[in-house]
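What follows are several structures.
First chain A sits with chain B, and in the next complex the same chain sits with chain C.
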Partner chain A sequence: MSESAGRKRVCSVADVESGAMISVDIEGLPRLAVYRVGEEFYCTQDMCTHGAASLSDEGDLNGYIIECTWHDGKFDVRTGAPCALPCTEALRTFPVSIEGGEVYIEVA
Partner chain B sequence: MPPADTIVIVGSGLAGVSAAGTLRESGFGGRIVLVGEEPELPYDRPPLSKGVLVHDEYAALVASHLPTDIALRAPDNITLRTAAWYEERRIELMLGVRASAIDAAAHRLRLASGLELTYDRLILTPGARARRLPAVETGTVPVAYLRTLRDAIELRRHLQPGRRIVLLGGGVIGMEVAASSVLRECQVTVVELATRIMSRALPAETSDYLAAYHRAKGVQLLLGTAASAQAPAGAGLQLADGTTLAADLLVVGIGVQPDTQLAQASGLKCEDGIVVDACGATSAPDVYAAGDAVRYPDAFFGRMLRSENWMHAQNQAIAVARNVLGATRPYAQVPHMWSDQYDLKVQVSGRYDTAEHVRRGDVARNKFLVLHLEGGRVVGATGINEARDMKYAQRLIEARTVIGAAQLADPAFNLKKAAGA
Partner chain C sequence: MSEDSFVDEALLNRVKAWRNYFAAKVGFRNHWYAACYSRELAEGDFLARTILGEDILFRRVGAQVRAIKNRCIHRGVRFSDKPECHTEGTISCWYHGFTYRWDDGVLCNIIGAPQSQLIGKRRIKIYPVTEALGIVFVFVGDADFAVPPLATDVPPTFFDDARVLEGESRIVEANWRTGPEGGLDEIHRYLHRDSKLLLNTKATMPLGHVGVKAHCEVVDADGGAKGVIDHFNPGTMYFEADIEDQKGVVTGIRFADTGAPRPRRAVSASVWLPGALRVQGFPAPDLTFFEFYTPINETQHRCFLAITRVCATEEERARFRSEFVTRWRRYAIQDFLSQDISARESTQWFYRHDRAWLEEVLVEEDFMLMEWRRLASKHARGVQKPSHMD
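This part shows the complex of A and B:
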C-alpha cells in the first residue's frame, strides 16, 4: 500500500530500538523525533520548545517521558505536553500508525 | 499553620515566576500577587548575553544550528511566560512597581507609591544587581553593565563591526559577552584579575581549554591583570601596569550583589544575602525567600551559601513555594550551571575540587566530559557539548553511586546504564 496524502512514512520499525529515538527529516516539516517505548511508537517535533536542543540527539527517554538535557525540562511523548519546568509549551505531535513493519505519521 | 488567602511575591524574575506558578499548580486557590521593579513582562536573563546581542545579525550561523540558546532566543522572544499564562492562573502582575517596606508583624507590604498590600505569606525573590566599578566610570569611553534587558539592548547598539570592546571581568558574563562580541565582529579584549577565566565556576583545566578557544577566535585575554581607570582624553582603559588599552566601550562584568535592600530595611536577618533556613523561611514570620538574593544552608556543600545560577533560582523557588503552602521539604539540589559560548555548551555539576578526574570524549572535537571522583564516587562533572552524558553524570552524583575511575575511563562503559533511569 502506498503512502496516501497526509500520511507519511517516517522509518521502519527496526530503525528504532525500544527506549530510544531517532530523528527523521520529512520535506515540508520541521525535523521530527520518533520514539519507541516497547512496541509503541510516538512522534513529536525534534526541537525542544524551550531552547534549540534536539530531543533525539540530546534528550533522555525514560518510559514515555523525554527529558531535555539542556535545562532539565520534560515532555510526555504521547501528547507532547510539558511535564517539568522550564518547558511550558507543548511539542507538536503526529498520530502514528504501523503497517507492514513501517512507521507512518498523519500530517494534518 | 493557618490557611493563606493572599500570597505576595516580590521580584518578577525567574524565581518569582517559578514560585507563582508552583503555588497555583500545588492547588492554592487564593490571591497571588507578583510585584516586580522591572516594567517588562518577566523575562529570562541567560539570553541577554547571547541571543539578544547576536540574533538576527548572523542568520547563517543561526541556521547551522549551534548547540546554544543563540538560535532560538530573539530579543522579543525571551519572556518566561506569555501574558495569557498569568491570566489563566489568576496571577496578578504589578510590574514597574518597587516595594519599599515590610511590616512583618502587621503582614503588610508597602509599595513605593504608598499603596499597601496585606499578605498571609510573603515570598522575596528580589534577585541581584550588577556590581559597579566606579574607578572606570569617569571618562569619555562609555561604560556598560549587563543585568537587565535594557542593559542588553543598549549594549547591542555598541557591538558593531570593528568596535574595540574591553571587558572587565573574565567570569561567565565577561566570557559570554566576549563570544557574542566576536560574533558581531568586534575587536575584543578581556581583562581579568585572576590567573584564569571563570575561576569561580570551572576547574583549571576547563578554564585553560576555554581560554584557548577564545584566543583562537581572536579574543585578547589579559589574565592576572588589573584595570586602573580610564586614560585621559578618551584614550581608553589604563591598566595597573601603566599601559593603555584603546577602547570604544568598556563592559564591566565583575559579579553581582544580592538585592537585600528591602529585607534589610525591614529588619530581616541578612548576611551577604537574605538569610533563610533549608525550607526558605526568613527571620520574619510568614516571610520566605529564594533565588539569587538568598543565603541558605546548601545540602550539597554542607554550608551556608549564596548561589547565582539559573537552576538554583528556579528550583529553590519551586521548593520554597511548596513549603509556603505547608510542606516541610528542605531544598536540596546538586548544584548545576551552564554557559553557552560560541558553539560550546559548558556545563558544571557538583564539585570539581577532587584529587581524581576521568575524562571521556574528544577534546580535539570539542565534545568531552570530565568526571570528578572522590571516595570511589562521582561528586562532580564538567562537560563541553555533552548535555546528555552530563545528565547521566548528574544522576550518578545524586545517587552517590559507587563507581571506579577505571570503569569510567573505558569509552565502552555505558554511562546511561550506570546512571539508571
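This part shows the complex of A and C:
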C-alpha cells in the first residue's frame, strides 16, 4: 500500500505515559511505536530491524534507548540509530510535533 | 569464558530476558529426565547413558531400576566396561573391586584391599529413578536437593487414568534446545507439506498462517508443571504460495470437504520444563503425542517419541498397540517426526556457535519461542555447568 505524505495524527499526549510507549496503526504505514521520554515524544517503526519483534510489545525503554528483549539489541529513539548488536540497521523515524494535546508525525 | 559456564559470559550478558536458557547448553539441573524405555531394561540388565553430561549406569534390580554414577571413585574407570554385581544390592568395580551399595552409594567393600579405612567412609553418587507409562525417568541434580514429584516435570495429562504409551527413541545430532523449539515452532508446518502422514490421516496442513499472540498461554503456577501452550486456532491460513509474479508455486494440503458437517479441529502443541512437547490430537484425534528431550552433551540429545492413548479395555490396548506398529511407527515416527529431527540436525550447524542465538533472525510468529525461553529461564531449578559433569 503506498504511503500518503503529510501530517498525521497518531495519538493523544495522554495516551502515552512518561517512560512508556505504545503501538499505533496508521493506514498506509507500517505499525509505529510512539515513545514518551519525560515531555518529549518520538516515533519510529515498531518492528526491530534485526528480527520481527514488536518494540512496543517486546521492548524496554530506558531513557532514549529502546532495547529489544528478543536479543537485547538497542536503538536510540531520537534518531533510530542502532546502539547495540545484533542490531545494525537504523529504525525508520518520523518527526513529531505536539499541538492541542495531540501527537502528530510528518510522513515525507 | 567464565570458568564454570558453557557459554561465554560476554554473550550471556547480552540476553537478559532468557539468560538462564542461553546458559543451559547442556540442560537444566535438578529436573527429571527420560533415560530409557522400561523394555530396554530387563531384570538384571545394565544400561549406560550420558545425561546432561553425566555418565550414569542403570540396572534393574528386583524389578526396581537403580542408577549410579558410572565412574569408580578410585581411578575413574567405568563400571559399564565390565559390569560386576556379586550381590543383588551392590555393584563392584571390575578393576580393584571397589564395591558400592545401590541403595545409598556407600563404599561397603574394596575386594582388592579389604582392610582399607576408606570402607564405609566414602560414597558414590546415586540418582533417584522412577518409571511411568513404560519410561524410566532419572533425576539429575544436587544430592541435597529436595526431589520434586515427576508430575512437575512432565506435561499435564501424561498421568491421565488408563493412558497407554508406545514409542521409540532417537539420538539427535543437535543441541537439546532445538527439540522443544522445533515443536513449538508455529510456522514449521511448511516443512511437513509433503509428509505421507497427511495422506494417511487425510489431515489438512496449510503452508503458513498468521500467528495470534492471544493464543499463547503461559502456565506457571507454583507446584505444577510449567510450560507454554499454543492454542492454535487458525485464523488466516495460506494454502498457496506466490513468489513475485508467479502464482501458486507451492501448495498446502487440503482435503475436499465431503459435505457432511465436520467439526473443525485444531492440534494444540505445548512445551514444558525441563524439555518436553505435548501435542494433543496428534497423529489422530484420539491420541496424544509426547516427546521428551534429554540432553546428552552440548551437541546431542536423545528424544523419546511417545504416542499415547487412553485405553479403557484390554481390547483397546491391543488395537492401539497394533495400530502403532502398523501405522503410526511408519507414518508418524519414521516419516513426519523424522522430518523434524532432520531439520533440528540441520540447524545445529548454525547453532554450534553460541553467537547464533543472538544472530538468528526471528519472525513475528516466533513470539511463542520467546515465551518458552523466558519461562524456562525463570522457572528452571538450575543450570547444568561444567563442574557438574564427569
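One rule holds in what follows: the second predicted complex is superposed on the first by the 103 of 108 C-alpha atoms of A that agree within 3 Å, B and C clash if a C-alpha of one lies under 4 Å from a C-alpha of the other, contacts with A are read in each partner's own complex, and residues count from 1 in each chain.
Note that in this section contacts are C-beta pairs under 8 Å (C-beta built on N, C-alpha and C of every residue); 3 or more make two chains touch, one makes a residue touch a chain.
Just so it is clear, the model here is predicted, and its values are computed rather than measured.
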Fit or clash between chain C and chain B when superposed on chain A: clash
Chain B versus chain C as contact partner of A:Thr69, first or second or both or neither: both
Superposed model, chain A: greater residue contact from chain B or chain C: B
Touching partner for A:Gly80 - first (chain B), second (chain C), both, neither: neither
First, second, both or neither for A:Gly59, with chain B first and chain C second: first
Which superposed partner A:Thr88 touches (first chain B, second chain C, both, neither): first
Region of chain C that runs into chain B when the structures are aligned on their shared chain, from 19-27, 109-117, 127-135 or 253-261: 19-27
Intersection of chain A interface sets (partners chain B, chain C): 51-54, 57-58, 69-72, 85-86
Residue ranges of chain B touching chain A (in the complex, touch as defined): 18, 21, 65-73, 80-81, 85, 310-311, 314, 318, 338, 345, 387-388, 390-392, 416, 421
Sites on chain A touched by chain C in the complex: 50-54, 57-58, 69-72, 84-86
For the chain A and chain B complex, residues of the former touching the latter: 51-54, 57-60, 62-63, 67, 69-72, 85-86, 88
Sites on chain C touched by chain A in the complex: 14-17, 213, 357-364, 366-367, 370
